[in-house]
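Common to both upcoming complexes is chain A, partnered first by chain B, then by chain C.
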Partner chain A sequence: MTLHTEESAASTQQKTKKARGKVRLREHVMGWLFVGPFGIVFLALLIAPLAYALYLSLWQKKLIGGTSFVFLGNYVKAFTDPTFLSGVWFVVRFSVVAIPLQIVTALAIALILDAVTSLFTRFSRLMIFLPYAIPTVIGAVMWGFLYSKSFGPLSDIFGLFGATAPDFFSSNLIFYGLINVVTWQWAGYYMIILYAALQGIDPALYEAARIDGAGRWQIAIRIKIPLIAPALLLILVFSLIGTLQFFNEPQILRYLAAGTISPGFTPNMYAYQQAFGLANFNYGSAISFALGGVVFVCVYAFLFFTRKRRSFF
Partner chain B sequence: MTGSSGVGARRRPQRHLPLQIFLGFLVVYFLVPFWWVIVNSSKDASGLFSGSNTLWFADRVDYWGNLQRLFTYDGGIYGRWILNSTLYAFAGGIGATILAVLAGYGFAKYRFAGRRFSFSVLLGALMVPATALVIPTFMMFSGLGLTNTIWAVILPSLLNPFGVYLMHVYARDAVPDEILDAARVDGAGELRTFLQVAFPLMRPAVVTVLLLSAVASWNNYFLPLAMLSDNRLFPVTVGLGLWQGIASANNAGSTSLWSLIILGALVSVIPLIIAFFTLQRHWRGGLSVGGLR
Partner chain C sequence: MSTKTKRILVTAAVLVAASALAACAPDAGGGGSTAGGTAANAGNDGGNNASNCTNTIPKKDLPVVTFWGWYPNMQLVVDNFNKQNNEVQVCWTNVGQGGDEYDKFQTAISAGTGAPDVIMIEADRIPTFQIQNALVDIKNYGYEAVKDNYSAGAWKDVTIRGGIYGVPVDGGPMGMIYRKDIFEKYKITPPKTWAEYEQAAQKVKDAGGPLFGDLGANVPAVMMALQIQKGANPYTYDPAKPETIGIKLNDQASKDVLEYWGSLAKKGLVGTQDQFTPEYIAGVVNGKYATYISAAWAPGYLTGAGVGKGEDTGKWAVAPLPQWDPDNPVQVNWGGSAFSVTSQAKNPELAAKVAYGLYADDESLTDGWTNQIIFPLNLKALNNPDFVNLKVAFFDGQQANKEVYVPAANAYQGMTYAPFGQYYFDAMTKQISAMIEGSVTGSQAADRLQEDVVNYAKEQGFTVQ
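Presenting the complex of A and B:
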């Protein structure tokens, strides 16, 4: 009897082990079947191009002597190339001004929309979000019209006050002209993300704070903003990645602001010009890769300083 | 007071006039470019360059004539650009969404070998600037003879690591393991469990990812600009950029092109605005629940 039970216990144990092994194997297979299709695209269109860009960037094409291996030569060239460096300096400066401006605007609007409920605020939410539905290229085209001297409204508006209209295509003001375009384009999108996060907060917290004597401002600053910090961090990181790759808007406004926006205005424009304008794919790849490196370092430094690396993902 | 509002009234209705007026100014700012485009696409070249009334209609309001000119200019190339953009947005958007839904579900619900490693690679990829890939992808595609074809635009837009991340987070939270196990015990296969049990639960996030990837393809500029040289394959973003370049280069000779660009910009944004407004109930839910936990 005892022997029998032991035996059967052993056999069931073995069976479950076998079954479990089968389940484990099935998990591996099914997991990879689900992830596989994306994995193939990921390898073919992200890993392979990155590896290829790295490979290309290590070679140099010369008019005489053909293509030769220069190892980090292109990178040394890039980081001593005044055009590339001024482009990097521009996008870094641009990020430092544009990103806080966009996020503060988005946060202010989101807080207002969260606190005040009316038909008008609902309408405003949609209208402020509207620019996100517009391709950045079309947004830049539209603002190009508005800045234009021949058919833009600026001279009319400033004429009312007897002032001359600012020329946003001049080298002094193009920086602010572009800041305005990206703020218009992205603030609404960030606002929607922050608004969604604000709506997710349990209103009981506000009641508790009110009972403790907190005012409207204190609730906003001490409760709402800290609770949506992860959402703020997410959009900060995404806007940083996006802004450092700045390309579409200056590329489009380049035609209108002739002479102000050079082909090497931002690193991405420079890479585009090197690769497709001058057929210098090796140097273009090196610039792309160097820019990727700059983005990576900036994002990591940012995440390090905010010390939220763990809570972010 | 606050206590009497009860559980049902989540927020007290509050009207703060100064805040609403401030909001009103902001709305005007965000709408000015649209207003300018709507008004000025009704004008012909002379009305456009008259230099007055830039924010109001001219005497002659001629949308119909401008529309006809827009869609017949250069053999009706503008209509082709719109169709191209639609094709790229649908093919890229649907393809990217299918891949992202499958992969996100796989990462969330199966403990397979190499899962942790591949997921951290995926997270690293979120930080890779998309434009850094354009030049090497162009080189690879040109070796394969794929440049200057529709595939050169569609294939790269299938890659959406953020969509996978979003689907992963959403599937993890919104699809309980117990339901999946119950379906398996009832004899449903893995694929059927996914299609009939998990997928319906993931639908809000699916709409979000679909909309975000379709918009990303519709908005794409750098990639098609680099990949395509035949202007009959251009999406509308690259096409309008081309027209703008031509119009600015010889400012005097092509004044009529400007009114086409203005109306072209207006027409090109209408499909997206409609999509956003009709689908907003769906995608907002996905954004708030899945994206930001």
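Presenting the complex of A and C:
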């Protein structure tokens, strides 16, 4: 009797195991089917081109003498190439100035819009966000004309005070001219992210703070900002990656200030110039990967130093 | 959800996160290859595929040759050719002017597919593409028949080591375009030498007048031409040894010319505005510059940009280019294009017929020079009295061809261009820009340019002499 029961128990167990195995297999197949469409696109449009670019970056093609395998030769060249290094130095300096400026602007506006409620708030929010909705190319062209000494308003405005307008296309001021364009374009976008995060905070916290005697400033600095720290971190990482890959604005403004903005102005522009202007796809790919390395190091260092407060990563 | 499925999902999520973090690489690295692919495909459509031409092919049973070009009257020229020819028809596409077209052609060369059969290229870019074996020597495909239609100087510009890599179409003999009203107001006559040019500039400045000219960092081809005028000989080849090249970018003549323009800019006698920009044109329209050192195609370009219209009609005139040594004048050239047969042409002989025949009929040439679209190199047009005596409206009826451009074109000896034109011009722009900024002197700029270009040439496998 006991034996029989045991036997049947064993067989039931086996059966369930088999059945479970079948279910697992079905889940398995279903899972792959769901991931499939994404996986194919991911492999074909991201991994494959990347792998091909990596492959290209290990070769060297000369005008005389053809193609040869140089392994990391192109990378050694990149990191000793003054043009590439000065481009990297430029985007790093640019990041150090532009990112805090954008984030502080975005944060200030988001806090004001969050604290003030009036009809005007919605309108302002839309207007401040609007530059992000304008394509970068159009934005850059527009600023190109605003900076122009002949067409732009600058010379008129400065003329009123009897001064000469600054030339934002000159090599001394192009840095600030570009900072202005980038801040104008992106601050609104970051503002929306921060504003959304602020809206997510439970208002009961403000009430509690007020009961404890906190003023508006204290609420903003001690409650709001710490609570949206994850969102701040997110936009910091986004803007760091974006700024190190700076390309669109200088590439467009190059047509108005070719003498100031050289083809190797930023690393991405240099890669573009090498690949499509000089037909050096190999070195262009190597520069792209070298820049990728720089971005990775910068972002990693950044996340490392802010690791205590992170919750997004 | 089983643990395994979970694990796969987590892995996928991590991969996505990783890709977002490493967005730098996909954007930049991937951009390199994917964009290349797209451009090549686009080239394929417009290049070898004869089904989408801009023009309509009248004789559909004839073989078709594909062609890229950007002359403003290209449509008419192609139609004229197709009408008159019973052997071959041209399928034309305009893929952009100058640099835009070269980038597309370069991508097609790298991809090995997508280039047209015949392509319009500026003469100074021919060696750049020839060295990559992207162009075909068409000497044996009908050169003898048209040899006498062009001057020796015109042929020299398209000849490399004895091979003919293009058919000359238009040239850019240089002159000094100037504002008559400004010259009259400050009582100056057109300077005959560069020393007089500087004196005149000083005189105008002292009297509170406008800038006398412009030194644009983005037009290195002008600087090269002006250096050659003083006796520089930037590139030399040994026909027998294709891998050797002579590079002399910092000889005394090159340095002198850079110093000369650098000092004019420093003294505030000339502007330092990039040319071909709205800013520059606005300056030209507003009379900000008294002279424009430019080529024979400039009146057409300026007219198109809105210069010399309305109130400003008839304010412009042209004089021969100032000289260093008036007893031994040297004439130079800026711009001008040729038609070349690419090595991707399916039938080079047929393609060569197009290259030789296109824009060579009287009707097209006449349209080109009467509308100031081209300064023709074809002697049929150059020797045509109507062309020589043409009273150019832009110059207030001045016989500009007779007085300035035709003598300049006839005296032009041709020059040897770099096989890495793009790099050379980019490097030169960089140095001129540094000189304008004041961080280097003209001589230092020349030395740095020499070093830069020699390093590049060596890296590209050349033996530099």
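Observations on the model:
In this section, the second predicted complex is superposed on the first by the 288 of 313 C-alpha atoms of A that agree within 3 Å, B and C clash if a C-alpha of one lies under 4 Å from a C-alpha of the other, contacts with A are read in each partner's own complex, and residues count from 1 in each chain.
Operating definition for what follows: a contact is a pair of C-beta atoms (placed from the backbone, for glycine too) under 8 Å apart; a residue touches a chain by one contact, two chains touch by 3 or more.
Everything numeric here is computed off the predicted structure, so don't read it as measured data.
When the shared chain is aligned, chain B and chain C each come close enough to touch A:Phe151.
When the shared chain is aligned, chain C comes close enough to touch A:Ser171, but chain B does not.
Contact with chain C, but none with chain B, is seen for A:Ser262 once the two complexes are overlaid on the shared chain. When the two complexes are overlaid on their common chain A, residue A:Phe276 makes contact with chain B and with chain C alike. Shared-chain residue A:Gln245: touches chain B and chain C both. By the touch criterion defined above, A:Ile219 reaches neither chain B nor chain C. In the superposition on chain A, A:Gly200 makes contact with chain B only, while chain C stays out of contact range. By the touch criterion defined above, A:Lys62 lies against chain C but remains apart from chain B after alignment on the C-alpha atoms of chain A.
More residues of chain A lie in touch with B than with the remaining chain of the pair chain B and chain C. Under the contact criterion defined above, the residues of chain A that touch both chain B in one complex and chain C in the other are 27-28, 31-32, 35, 38-39, 42, 45-46, 49-50, 52-53, 56, 145, 150-151, 237, 241, 244-245, 255-256, 258, 268, 271-272, 275-276, 281, 284-285, 288-289, 291-292, 295-296, 299. For chain A in complex with chain C, the residues that touch the partner chain are 24, 27-28, 31-32, 35, 38-39, 42, 45-46, 49-50, 52-54, 56-57, 62-65, 145, 148-151, 171, 237, 241, 244-245, 255-260, 262-263, 267-268, 271-273, 275-279, 281, 284-285, 287-289, 291-292, 294-296, 299.
Taken together, the chain A residues at the contact with chain B in this complex read 26-35, 37-39, 41-42, 45-46, 48-50, 52-53, 56, 109, 112-113, 115-118, 120-121, 123-124, 126-139, 141-146, 150-153, 155-156, 184, 188, 192-193, 196-197, 199-200, 203, 207, 210, 230-231, 234, 237, 241, 244-245, 247-248, 251-252, 255-256, 258, 268, 271-272, 275-276, 281, 284-285, 288-289, 291-292, 295-296, 299, 313. Listing the residues of chain B that touch chain A in their complex gives 2, 10-11, 13-16, 19-20, 22-24, 26-27, 29-34, 36-37, 40, 48-49, 51-52, 54-55, 98-100, 102-103, 105-107, 110-115, 118, 122-123, 125, 127-140, 155-156, 158-159, 161, 164, 190, 194, 215, 218-219, 221-222, 225-226, 236-238, 240-241, 244-245, 248-249, 251, 258, 261-262, 265, 268-269, 272-273, 275-277, 280, 284, 287-288, 291-293. Per the touch definition, chain C reaches chain A in the complex via residues 1-2, 4-5, 8-9, 12, 15, 19, 21-36, 39, 99, 103, 106-107, 109-110, 131-132, 216-218, 242-243, 272, 274, 277-279, 282-283, 286, 419-420, 422-423, 426, 429-430, 432-433, 436-437, 459-462.
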